[in-house]
């Protein structure tokens, strides 16, 4: 944040927080390895405005899933949150609450949808039983009502509700599981939903229909959604705001249409250029150089994108750019904003 | 010309070039990574040396001393003596060869039978698989130790090779089944398909592509089979159901319990405890060393930091 | 349901077939054994103080029937008898049916191993769970090390050590008979306590030597389940930790279920050493004794029962598993 | 040149002691790929497109129909000759993580086949080294840094390149690229596609490109034919650009509609629609159109009769009510 | 069904066992103590019938299995007997008849009287078991209710007729009589025909077959209750022990002071040692043991050791088919090499004595049989390596690098076969090997898994050198038949001696001495024939032959006697005293006999 913005009084900042379903500040996560800690998420600030869809895009291994796990304070070993605060609806720092309170928030206020390829359901219990488990865990009194609501949701999601409730996980196809996962995240009326690569393993038509349902439900219930994916297409399609995540840091954020239309960071630019499209000039597409960030990238001193950057200078190697505002809420972390990437 | 860009210069590190001895270097590194593994390795080396050179340390027959029957532990007899005044330590050392050789052969047979049959059954699904698996099931079903006991009365186990063979025969079933199931899953893996597509021979695919992938499993099994074989063979000698005529740990146990009265009087206790100690020490060594085996055979674990 | 029944019948049928194959193999295998019951018995009679002439006469009376039949005929009779659950007559236990001897011995093995198995399973599984959950703490390490070492120690070594400790060095437990014969058998205090005190050592030996295996298996199973996505998912859905532990326990114990039921099958053959060391009158001891006396019918009978138990356990395991694991159920 | 005629494949789903279930995975597929040409197969997972690829390279045997490579019907050849011919068709696997043996270094892998080739060609070890160098450079890898590495030390993109280099060791005429980019990071996908295009254009290696992503298909073969496959049947085919612009079959249209829209760069086609019903392998073989159960435009006849692939408007489609709809996203 | 019921109860109980703490062993210091000993004739098996004719039957000699009288087993007085069911007995001068008068008060444990009829039935059963034939029993005549006369077969010459007859088991006629057909005695008579008439011979064979068949059914017979005429009656048993209580109808019940007896089963000597050291046994039968066990047993002050002679010796036997053991001088040389004292010290330190002479019988028996004139002709083969070496050199053996080579220049290797479980043999074999190896002959012991196999292999001529028990009995025929009987090719067929050469491999001749031996007295003897003659003579007539056989054995060394066993028993005076320690003949019998004679009194409870 630049100096000028901090002048804009504490109040507006507070206001802004009030509007935020999630407001995370200065999140740092490290992974403990035998050779020392690797910073997986570094100094990340992220806000999820109420009732909006935010897309977080990053390559595999960029730490994007770790980030949302950190927001839920559910980072698994060997990862460790070293600092940060996560305000939920402007209050209650998730990272400081007692574990019992955290537990009650998870699932009830924050829903989470896993990657479709993952088996997020207990293989030995029927779906219905697991809904009851969920209800009991969150002290729902009227379990019958809960089941009815689950049925309603399932029907909305295009499934045969009774059959699904009586099924085991292995009896469902990938697309069905994904929809069941969405149902689980919403059945307790959570307002905030995180989706982690939730459509990645689905085929085209399923993906389109799941995205459509998410969009509908979001509109209807005014949900706050954070959607994490490596597929820029899906994020671009679904989200209103976009966070470009690279090697543990946000390198660019802003309104989706604006970021896509005029990307500022060389990574964002490269990424957009690297997607084959069904319209326009085929030969305009150009692959991004280098390989995805790995643990060595995380340990770099200077700009994390230095290795792959077409417009790098020597100074980029030694110090790291901060996320600065370029245009309203469009922020970029690059020393060379505006430089011609063809040099 | 639009040659795709190379990834040159992207990585700031360059891996060390590996030459032929890399496996041993890497294996050594994985052993020395933990103290416990070094201890285990040292114990195994000690026993191996004992098996190889032990008999040469002593004259072809061990001296007896009728004045030192069941002598207590002393400098001269670090583990006491037996019923005729022979040093128990000498008995343990000279007895190691048969015990370990037979166990090593037994484990080798187990692993060879198990691996080859498992690979074949898993790779050439169809009738060969059915036949091999029926046989395997059959061997798995027969309880192996009672079978050994029964077999031991028919067979002469004078030579470690015979003992090893019979131990191998009775215990390869589990190995074959596990290797088969791993092979079954590996043959669905892309690289096996690719090798087939590239026209590589089934022999190459089985032994060059699939085998290295089950090698860590085989390595671990080799070790655990060795312990299993040692127990089975020492047990057979202990029960006295097989004929024998060499210094042997199991014979020592048998004599200590059934004729020296080690269980009833403390004088002969060292005679009983010395083979027990040898067994326990060897077990400890193998248990500690086992930890390193997975790492040794798996390049992913081996090379990574 | 119909498929299920067909499958059951098929499995039972192939199980019986396998028993017959094994029976035939042991029949011929055992006939290969050197030494014969006649000379074994002859020797025993001599040892009992008979003159050689007396002993010869007596042996002739006892075994006049043995060399009569050709092996083929013996084999047919044997298999035919087997199909009627008749294992033939014992030679060393003169004139007693093998089935009778085996059935008197089997309960002792059953008590010994079943108790030991259950005890080691319960303790081992519990310790396995603890060592998996606390795997980076000293408790976990100690448990794991105890498991690997006990797993490594052979049964007879364990048995000898325990026997030495508790019957010789510190003689607090009895040795030998399965219970004190001067007490009336039945459901009365002294008898039960006698039975128990006689069984403690063998049972503990069995339990200790199988405890390590359960611990290690359970530990790795729990670790696998802990790494499963659904456990993380349950945490993120805010399920109670008690519920999650229940999830873990059930999923982790499932692979052990098969092992457990299979061990029940292997139990008759699993206590040869223990019965030998503690002179417990079970099947393992019987097998050894029958080998000593070259009592073919008894030997093949004992061996066959051991095998039948394994085959039966295999079949039962297969079918029970379909009930326990919904993923297999169809 | 490779030709497929009336190719069919049935799978028996084994079930002990109950009726075997038969799945009709590939239905009467015909296609021709000229030398140095390309062809794209597109469809959802489970539509049979992978099976076609696997049959082409000999991994599966067709139930009926013929595969003709360089004029020879492979089913009529003896085992040895067949294997030799099939080497000309190399499959590039979808999953680069699985397609490399984790226990071998890249050098070992390359050598395994090159040794065989050297023996056939009576070449020496130098040739092998040279060839290895050449091929790795061709796919854009630096031999010096990569030869001694194990697969797990490489990124997905690098692996896929290694796989391609290895396939090239046997000097194939055709590569079957089955979803080659789906497991690779978005930023690196284009590199692989570009490599394939390069191999086709410069080295005259024909390519059968199998994907569910129309955009990739367009990138690789906008000048070639695109086949849309549904439940084992080709339901539309035509020049790629034409099919994208003027799709006639509702299924093709659904696929195009499902393409995510890059907000700010693209806008949705005006006729875009979303199908929410699930793809299901039906228990019984339907009489009518295979897509009828999901088709938003279906009419009663669609359930009764199955439409054939017919030629119209420079393209082929199998629909009773073909209608061009503007569903593909357009650049702003 | 019954089994299942028991099974479930037992497993339930066993389950309880995990939670309950173990209680200590009860019963050890009961005031009304049970007399505990080890029953070593046969294993105790709960499934076996309570039938004395069954080899594993639950019928226990001297406790509830009674015979007419108990032999003292003394070499000096072979005919000394302790009364059992017979009160008195007499033999006709020609030895053909024995008259036996039963104890007038003898009753079965159900109160019925023991009669001459019972004896007759028992004798009939003895025919079915083959035992009656072995002592040439011909007929049985009931003289009165309590008096019976036994006769040898016509033309019988068996000298120990009464001796064997008195040792027959007696069973109640009311229990066993029904197992026999009415015409049993005529069948027996038919079976005894030994003439030339073919028809009658065929009939005899048929009759014998019938008897054999009967014998099988009798051994299988399982009476519901134990009916005993002995001092005790079986109350209960489990696989580990049999529990017997006093029989109040016993004819000398007032003499029996012990109320109950526990007979422990054992599977190995070490179990007996355990019991002994723990002081659990009131009487411990003869058991081989190492010195440390003896010391420990005697540490328990109340354990008392009683030593009596036995007639068993352990020896190293040769199969003369194998080179170089066919050479008598080689055998002699080996006898000089072996230091028997050292061997005994290691192998049988407690219950053994080094053998002084190799003469086929134990030294204690030899003292009665061999005159000093004969003894002086014998070689003691005292440990003398120089002599051994000079003999071998004379025979063409050469010593090279400390190893003896056979005359043909081949190395000399020796496997000494011993049997698993016979720990003294194993240890003896090891020590002898060491001694031989030190001397320059590579020797090692080979242990065979079971005695059954050992005997079979020995008879099949598989072993060149192995351990063997000789002597076995104070009866000189039995003693020498161990050498010059079947093992050397001499078999008795239908009362006639037959000789099989070693080439006839199936007939069990594994020693292979020549048929005729020339002694240093210039007399040529046929040892098999001499041995056979012993069977025809009364003990007082045997001395001459015994001395010849002893000399032959000493000069031809078919086996080298290593040690004689001594009979070491223990009694424990903690709970009982008044043991018949002074009466050697009684000590040779089971404790049941002691008690019937009025010995063994419980001590007053503390």
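Here the chain labels run A, B, C, D and E in written order, and each chain numbers its own residues starting at 1.
One rule holds for everything that comes next: a contact is a pair of C-beta atoms (placed from the backbone, for glycine too) under 8 Å apart; a residue touches a chain by one contact, two chains touch by 3 or more.
Computed from a predicted structure; not experimentally measured.
**Student:** State which chains count as neighbours of chain C and simultaneously of chain E.
**Tutor:** Where chain C and chain E share a partner, that partner set is B.
**Student:** Which chain's centre, taken as the mean of its Cα atoms, is farthest from the centre of chain D?
**Tutor:** Result for the farthest chain: E.
**Student:** For which pair of chains is the number of C-beta contacts greatest?
**Tutor:** Going pair by pair, the biggest contact count turns up for C-E.
**Student:** Between chain D and chain E, what is the separation of their C-alpha centroids in Å?
**Tutor:** Once rounded, the distance between the two centres reads 89 Å.
**Student:** Using mean CA coordinates as chain centres, what's the gap between chain B and chain C in Å?
**Tutor:** 25
**Student:** Could you grab the centroid distance between chain A and chain C? Build each centroid from C-alpha atoms only and quote it in angstrom.
**Tutor:** Taking the average C-alpha coordinate of chain A and of chain C, the gap between them is 56 Å.
**Student:** When the C-alpha atoms of chain B and chain E are each averaged to a single point, how far apart are the two points in Å?
**Tutor:** Roughly 47 Å separates the two chain centres.
**Student:** Residues of chain C that touch two or more other chains: which are they?
**Tutor:** 33-35, 167-168, 291
**Student:** Counting only residues that touch at least two other chains, what does the list for chain A look like?
**Tutor:** 287, 291, in rising order.
**Student:** Two or more other chains touching the same residue: where does that happen in chain B?
**Tutor:** Touching at least two other chains: 4-5, 7, 11, 153, 241, 257, 263-264.
**Student:** Hey, which residues of chain B end up touching chain D in the complex?
**Tutor:** Chain B reaches chain D through residues 1-8, 11, 14-18, 189-191, 193-200, 204, 208-209, 212-213, 215, 298-300, 303-304.
**Student:** Flag every residue of chain D that touches chain B in the complex, lowest number first.
**Tutor:** The touching residues are 57-59, 83-84, 86-87, 90-91, 93-95, 98-105, 112-113, 116, 137-142, 145, 148-150, 152-153, 158, 163, 166-167, 169-170, 191, 194-195, 198, 202.
**Student:** Applying the document's contact rule, which stretches of chain B touch chain E when the two form their complex?
**Tutor:** 60-64, 66, 69-70, 83-85, 152-153, 240-246, 251, 254-255, 257-261, 263-265, 267-268
**Student:** If we count contacts the way the header does, which residues on chain B are in touch with chain C in the complex?
**Tutor:** 137-138, 141-143, 145-147, 149-151, 153-154, 227, 230-231, 234-235, 238-239, 241, 253, 257, 262-264, 269, 272, 276, 279-280, 283-284, 286-287
**Student:** Per the contact definition, I'd like the list of chain C residues that touch chain E in the complex.
**Tutor:** 33-37, 39-46, 48-49, 51-54, 57-58, 60-62, 64-65, 92-96, 100-101, 103-105, 107-108, 110-112, 114-115, 118-119, 167-168, 171-185, 187, 190, 192-197, 199-200, 203, 279, 281, 285, 289, 291-294
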